[in-house]
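Across the two complexes that follow, chain A remains constant while its partner is chain B and subsequently chain C.
Let's look at the complex of A and B:
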């Protein structure tokens, strides 16, 4: 399902058997970085091997992925401003975290996202119209979760961490080699569900990866309100190994995710990854971050922009040719155009659809209300007899 | 036909489901080696293993949330919530996830989760052990809610609930766990009364008395007592609380013209209110009197020395029957 996407070849974890012996990797409180904000490749004695297969072509593909999802984000934001989408949760600034992690997954892995992982959805193979329609209000879901092994966007904060853990328990029962990954943010780490998920995952050694994008803001609340310690320090108390990774460094994210997925597949249990990144946009298009955020902070993070960083690396390696630039731009433009046309051309749901799929079996309450509402709607089509009013 | 206690009947039904479907897994606190605090799962972990009868961490939201993930993976989790009053930490997962997933995914993802809840009072327990939270769940669309009243139904309906592709809240009247009854373990589920159907458990012609769960026995006893006074009470065991099988209640009320509803849960906003309103809408012209509700009070479940005042009993139900019939009763002389 991912074959038509860029980044192919860099997607699956490639570690060979001898690596498993090293897979007790964790970073502690140190920030794992393989590419500096200036685009310099930083070698790492333990993690380099996990991305050694990521060559020039794959780096370009990752650059294309990140550029495309930023373009999706910009187009969707514009569509919201034009009244075509009811709401949009921007992912601006989190491209490396989303691409580095999702490109590490296998097709048979299962992912439980929050609501901001539109880039992940695109990589998993969701159609652009499927990504748009939830935010347009045309449906409560986008894609078929079982088609692309990606659950629907989860709006209740942290809830999906338990679903991922339960799914991973099911994988264990099946004796399968699948890994499960849950996305959530820094705010979610305060939720009981995330903490309960870590208890369950640790107790049963479930093959689940908790991928926390610490984007520093839970709407208007800075991460220090959520945690008195680094987020990556918290899972340790649950007996879960953790890694703190530069979330704006796609290579570092990929290395850490591969380590965690490999551990899950090999029976090593759960891993927690804190991807330190930054939400450069508002919480959603309904939010106004100027009310609570220092613009200097945004400038600081703009200098650490994940796409800019990869650009610098590619430039230094002489990979960013005009051809590559043109190809990436063409792809991003095409994707944006398709998003726009599929969004605007989307058929509205029918009135009686409101009653559909509440239950999988017939339900007398719903059927009666559907019947009554149908009669009510039909009453507008009846000719009114003279004098009836 | 065998004579089983209520608890053993559920146990036998769970066993049958575990045997028939490898996707059925049980989860809950203390359900393994202990067999549950009420011993409902006694012996199941020994026979089916720790992977299918899972002792969960002490976290109700975690139990239901992981059950959602298991259902995603194709399993049919059966979760035990140890006591009614402990279900609230799981409320969000039940209401926001279990109930809505089918609608959210337009049927792509099913949630065949059964949530067993020992409920109701009468066992002299401390706070949080005697509650009747069913109305929270009957008000939540996407859930099926049932309450069982006898060992045969307990045995049959637990299997039907587990087999249902929709999530089912399965309320067990804990004060009846030790009551014995005949159970036909060879019953064919396909021919059994469906999960969403009510049953007339005592025929009568003067008053319709609607009950469910622990109060069905009390209602039947009240009907017998009323018969001594020449009053013929028809008792309807609702069995399904969401949806309510209104055709059965309606047919009875069209015959009797009078309706009494009883439940342990508090009155305001309770199931009795919904049934009274619905029956009034559906067969107003057949009613000879206003529907009567005999319920718990709108108070927190009281400490155990007072619970007999809170719980509807035979005499309070009969007083309600008298009100429905316009006979002298405790409220005679009051307006209304």
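Let's look at the complex of A and C:
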């Protein structure tokens, strides 16, 4: 499953439906799956051990996490349509990829997300108001990165992979036992930044995990045009081992992420994970996917829905009791209500706030500019004297 | 009492900078009861067809626009009659001003209702201003705690021995504005071990220039610019590295009783070894000199004579025996004499030692030796042979117990097997601190060092 630098261990015995027909040179691994779309637990000789500690209670907790972040997403989308958020990048369909990976992290690990990882932010401990305020346009940042070891989301595609690699090189210099994880999408793997990051991560064997959520669409560009090999094959050229996992299978994502983090902590260097998932919503609330996407494709992926799949597993195990259902619903309702109230009740930023975080220490130049701007603003309040001109 | 109010929903900008949208269809009619986020209309923007979810739970009071009309962003499109006091949903509180949802009170207790809706600041975040400046303590582990960074800063003072004591930065209790300068000048100051806080700036607005830093160190004047030249003599102010060197030598010479011993050795075998290693592919690209081998020999000889690698701690009345070797190498630099050291030199292979020596001398000659490289030495070598000198009585680097001077390697007549032969010969001079090193220990060390240089294979007997 883990392809090594020379491509040894690569398996061609389970070609993917999408790509194998187009490219017979495929060298990537097959798709790791621990729970089938029908909710059936599939045992795997290598990866079972990595999730053997996930018992009934944790499965229910994962179900709750995924349900809650889907609810956050729905509420935020509604808030945008109601004029309370300027923009929102939906995560619908990617709940297993975000929860399975973020729940595998330690508090002292450092995460560099893209703009779509609102579910990850929630799990790392960002307040709902902190998640909302950037998209409302009230602040240029969400949370204190050092408080929850989560960098502020990057809008620039893929640049956070460089930040993550640099941070991981710093971890090496410090001799720390911390792992670093960068989230990005399929489109980002076509960017120079991600490729440069992989060069450095491989050269320095930095403790970084490249977590690629392949949601199949870079806005309107399908992944099949961006890459003629599976995305998990791209890092092979850099000498970075990769895994290709079912991104809608929370257990598979968890197992793969744990393997990668463990490699990082033990000095094994970088790992690339391609979590194969699907963006069921638009790119952002300003996008209309029906203009470029076949509705049948959406139907196909709806059948592989990550929450539905875990639901089926829980039902089969007899875990989805009325109590659990009620508890999960109550939690999701409460979180959605808090997101709404904190968003609508948010104080507008004041003009002078723009000077607040330019420097971390006092700076007389900024103070001077602030003073000038303050006087400019005050000039609007001065009475105009007749004949003064 | 069922107080209700009318709330308007104004058309929002649905897609990053749109000014208008067309109402395609209404999904509700006047009088319908709607829940929060229930779809009430379908709207087409320049970018997409989207569904509008209701921002309130209540009853539709009025639809202001017909399907098919293009509506400007900000115009009211629908009014709702909702229960007062936030019973419509968990978060009826709406921002006043230009937000899309605007309240107009009717019936019941209007004023109270409006005030309540606008108020309720419980969920607000008054700390939006100044958020980033406040350090929140959550007890979560972070990899690089602030404390660690302060540790580094606090360690700086003792790591700047080359600069005058006044230059040493005191750890500060409060943060204040850093001195105005430019990145290259900051780096220069850092390289020289100078705290910019102490340097007066002469540039525009108090900017600290390169010249300010250089004149502050005194290095420029000390080495290059004689200040007062009167006929037959040149007077140069004593400052900078010269002043420091003088103080260190005086301190060393008049606190540690020096003993110096000499040994002249046939180093032909060492020179042959050097020639062989230079042809060895493993050493390709490495600079190998007699100093390289001699340094290694010193490190080996110290194994059996650790007393030479120690320090007299007058303050605590203790002899400190180092279980590591930071090997100092005296270097003539543009700024004067410095003795940077190679940390943990005893753990280095010959190749690593060679690389470290090259780096150390290159860095020193470029004047870029960092303060930390200048402190913490445990024993030193001075290579006076490069000047063609044979022997001398070196003065100890303060705090160290021994220093070895390497003489020049020369061809000389030498007795081999009771016959005269032309051999390559070198003199070794060893000074040691007689307070803690006795003649026996110093002599044994020097003899071991000589034995290795005379026959490198003797290392076999020492490790």
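The definition used in the following text is that the second predicted complex is superposed on the first by the 343 of 389 C-alpha atoms of A that agree within 3 Å, B and C clash if a C-alpha of one lies under 4 Å from a C-alpha of the other, contacts with A are read in each partner's own complex, and residues count from 1 in each chain.
In this section, a residue touches a chain if its C-beta (ideal position, glycine included) is under 8 Å from a C-beta of that chain, and two chains touch if they have at least 3 such contacts.
Since we're looking at a predicted model, the values are computed, not measured.
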Following the overlay on chain A, give me a clash-or-fit verdict for chain B and chain C. clash
A:144 contacts which: chain B (first), chain C (second), both, neither? both
A:350 in the overlay: touching chain B, chain C, both, or neither? Say first, second, both or neither. second
For A:193, select first, second, both or neither according to whether it touches chain B, chain C, the two together, or no partner. first
Touching partner for A:110 - first (chain B), second (chain C), both, neither: both
Max touched-residue count on chain A (chain B vs chain C) belongs to chain C
Using the touch definition from the top, say if A:165 reaches chain B (first), chain C (second), both or neither. first
Have a look at where A:83 lands relative to chain B and chain C in the superposition and call it first, second, both or neither. second
Could you look at A:358 and tell me whether it touches chain B, chain C, both or neither (first, second, both, neither)? first
Touch test for A:152: chain B only (first), chain C only (second), both, or neither? first
Touch check for A:174: first (chain B), second (chain C), both, or neither? both
For chain A, what residues appear in both contact lists, the one with chain B and the one with chain C? 110, 139, 141, 144, 146, 170-171, 174, 356-357, 360-361, 363-364
Considering only the defined contacts, which chain A positions touch chain B in the complex? 110, 112, 139-141, 144-146, 151-152, 156, 159, 161-174, 180, 192-193, 196-197, 199-200, 203, 356-361, 363-366
Chain B - residues contacting chain A, complex: 25, 51, 56-57, 59, 61-62, 64-75, 77, 89, 92-93, 96-97, 100, 102-110, 141-142, 144, 164-166, 196, 242-246
Per the touch rule, the chain A residues reaching chain C in their complex are 74-75, 78, 80-84, 86-87, 107-108, 110, 125, 129, 133, 138-139, 141, 144, 146-149, 170-171, 174, 176, 178, 282, 284-288, 290-291, 337-338, 340-342, 344-350, 353, 356-357, 360-364
Taking the touch rule as given, give the residues of chain C at its contact with chain A in the complex, in rising order. 9-16, 37, 47-53, 55, 89-91, 93-95, 97, 99-101, 120-121, 123-126, 128-133, 136, 138, 140-144, 175-178
